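Everything below concerns the one structure shown next.
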Amino acid sequence: MSLPIEAEGLVRRFGELVAVDGVDLVVEPGEVFGFLGPNGAGKSTIVRMLTTLLKPSGGWARVAGFDIATQAPAVRRAIGVALQDAAIDPLMTGTELLHLQSVLHGIPRREANRRSGELLERVGLTAAADRRVGTYSGGMRRRLDLALSLVHEPEVLFLDEPTTGLDPTSRLALWEEVRTLNSERGTTVFLTTQYLEEADELAGRIAIIDNGRIVRDGTPTALKAAVGAPTLLVEVDEAHLVGTREVLLRFGEERPARDGRVAIGLSGGAAAMATVIRALDEAGVALQHVELDSPSLDDVFAEATGRRLEGAES
Amino acid sequence: MTAAAVPAEGPTRHDPGRGGFAAAVPHALVLSRRAVLGLWRQPNVWVFGSIFPLLIAAVQSSAFARSTGLPGFPEVDSFLQFVLPATIIQVVLFGSINGGTELGLDLESGFFDRLVAAPTARVAILLGRLAGVAVLAVAQTLLYVAIFAAFGATVRGGIPGIATLVVLSVLLSVGIGGLACAIGLRTGSAEAVGNSFPLVFILLFISSAFFPVELMTGWYRSVAERNPLTWMIDGARHQVIVGFDLSEAATAFAVALVIIVGSFWLAVRQLQRRLAVAS
Amino acid sequence: MTDSLVDPDAAVPPAERRGLGGAGNPLAVANQIATRSTRNTLRIPAALVPTVAMPVFFVIAFSGAFSAITDIPGFPTDNILSWMVPFAILQGASFAGMGTAFGTARDIEGGFYDRLLLAPTRRWALVLGPMIFAGTRALLPLVVVLPVAVVAGIDMPAGPVAVLPLLVACVGVGTVAGLWGLGVAYRFQSQRAGALVQLGIFAAMFLSIGQAPIEIMEGWLEKVARINPVTYVLNFARQGFLGDLSWSSTWPGLLAIVGGAAFMAVFSARQFRRLFP
């Protein structure tokens, strides 16, 4: 059985800009693989290359065992794609769009009808199926998008930022759907996201991407463990900032934090908390806020790049 | 770091392929259905364009009614009958632009990407659009023939004459639709397609569309006589004001076919250009 | 703040209300608005193209295609240019009015108009400004097209004074079209109103003696043309190109222009109030 996705040295340039700067990938059958990174990191570009919408400037890749450069039609038959902007036709109904997609994949009429009915039920759009898509909410469009990408039961499913812009309920529903797909049918899922929680919840393995390069990859648990020490976050007023930093640096290495706060990796763990508080007290620091968090993917990102992920909390 | 894409290392999976032409037909059909449905569901796109040429014809036939008596003017029942073919061609010309604007909208919305990421037969993307404008052209032609007849301007060529007009409309819509698609593919914008079309209107004017070439003079007449649209309109008009004539019809069709060949070549080239970023 | 066109600074203390020379002298403001519009247009020369290109196209296409209609018994001239050129020029003048409307609609949509409304000046400056601009722009087709027509052989039996009625008609038509456009822009407050403005202008222009004289018309168009004020404006504008100037050709046209302007002024004033829901 061939690997769902393999790539080596993928590069994509747009004029002077290098959007993707040498990416290697291996995704195993039945995995849910997540690409996590801020806006502009190159996630969508990589997806577009792997789904044959964009030619690489360098490197190679195989999807479902087919070379994306020389066997593109075969790739297209084997993949399902739900891109960032749920590109659907507002004038058509859900049913009509599913029918269209079925014909494009050469699915016989009767089989197509059966699958459409099933998919509509799974994504909860049976009632709205005969309404024009232009009347659907954002969440409904994403769900239809997902249904459209599954109509031919693809080997590999590509989801580009599937929950961006969705309300929390719709987001949870979509996560559930992805989990079911993966566990029931063994569909390999490649998803990109800018949300830590999404990568953490859904992905079995993730790769963190920044400026077109993979900076860390592995399972979320392993990555977080590699960061090691939990983050101790202290908020004080302006006057005590320098003093606070001096004290804290005795207990661990500094980590990025927002203005007005100091963060360190507390090497002694929770057990060392009492000592730290005493030390701060002795230094005459008035604490406004204290937080001790086990490492998050945001910490992983911060450790790898020196920045916090956009939109994530410090 | 490699400078260009390289073939994958190691053995690749065998691709059995899917029959080329056989696959294109159902794709073209389903995309045609989409195009027609799309037009039907957006009346604002074609209703006004369908009425406007009728208004122009009404004004002109009232204003220039007596010109039919001028020496050299072809024998007609009325000025209205004279402009019937040109009015039809006008409405078909402007309706075919939709083929391009809708394609531009698909490019802007990302629906084009959806089609391309699926194993869609590429030519079906074009054929679908053209089928849409062809259906619109047939509907508009028949409607116009009926309306003109209600006002006393009948097609002397009878059923064969009307059939000729319908076939010509289909050919012309496909030809102009192809041009519009080429522009839409090249610019990726629906607006650009709309903006480039006054040129067509100008070309239509310097022809025998609105007045007999025989009654023109000077350089204007020379240009109009050499304008292929004149040959096309004259061939169509013959069916209306004289009677059904195969050779006249053939002339009209020939002009439309040349347009089709040219526009298809352009459209396919632009499509390939756009897809060249992928495989 | 009151929202009447007439006295927006009624609430302003008398010391400041000095008309000429006080804050926001309305004439100066109007002039400034006109200057801004001119500058903006010159920065996008493409905007001027319709005002000039359309009349040129019209003259060439209509004079070329329909030149034979001068042979129809009863046609007032045997020079097709003399018949078509004034009509084409007046069309160009009407587009100038349309352009003003688009500009205003764009400003309203984009929010710039709010800034103008907040300016401490008489409200009519906001209307006068665009109208000055429209009036000037309305003369552009005349200036560009007429010399070319003269070279091409247009007949002017009344001599150079033939230009005078045409000039007056251009300013008049530009003004009326401009007020119409402004009114529609105020009413719909979006650039989509443009289609309606164009439709109104085309209908007015073509349901008249634009293409053919009343003498040779038949059917419904004759009846419509007789009651269309544009017919009389065209008679007025064309007279020097068809024969001598005469009062009988002049007064109906002037009346139509003044009446049209008054009507459209009232219309746009009413719509102006819609800016204050």
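Think of it as A, B and C in the order they're written, each chain with its own count starting at 1.
In this section, contacts are C-beta pairs under 8 Å (C-beta built on N, C-alpha and C of every residue); 3 or more make two chains touch, one makes a residue touch a chain.
Everything quoted here is computed from the prediction, not taken from an experiment.
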item	value
Any chain that touches chain B and chain A	none
Longest centre-to-centre distance from chain A, chain (CA-based)	C
Chain nearest the overall C-alpha centroid of the shown protein atoms	B
Inter-chain centre distance, chain A versus chain B - centres from mean C-alpha coordinates, in Å	46
Rounded Å distance, chain B centre to chain C centre (Cα mean)	35
Inter-centroid spacing, chain C versus chain A (mean Cα positions, whole Å)	59
Per-residue overlap in chain A, given as positions that touch at least 2 other chains	none
Junction residues of chain B - those touching two or more other chains	none
Complex contacts: residues of chain A adjacent to chain B	2, 6, 8-9, 11, 22, 51-62, 64-74, 76-77, 79, 81, 83, 85, 87-89, 91-92, 96, 99-101, 103-106, 132, 148
Footprint of chain B on chain C - complex, ascending	57, 60-61, 63-69, 71-73, 206-207, 211-212, 216-222
Complex contacts: residues of chain B adjacent to chain A	1-9, 12-13, 15, 17-18, 23, 26-27, 29-31, 34, 37-38, 41-42, 109-120, 276-279
For the chain B and chain C complex, residues of the former touching the latter	58-67, 69-70, 72, 202, 205-206, 210-211, 215-218, 220-221, 224
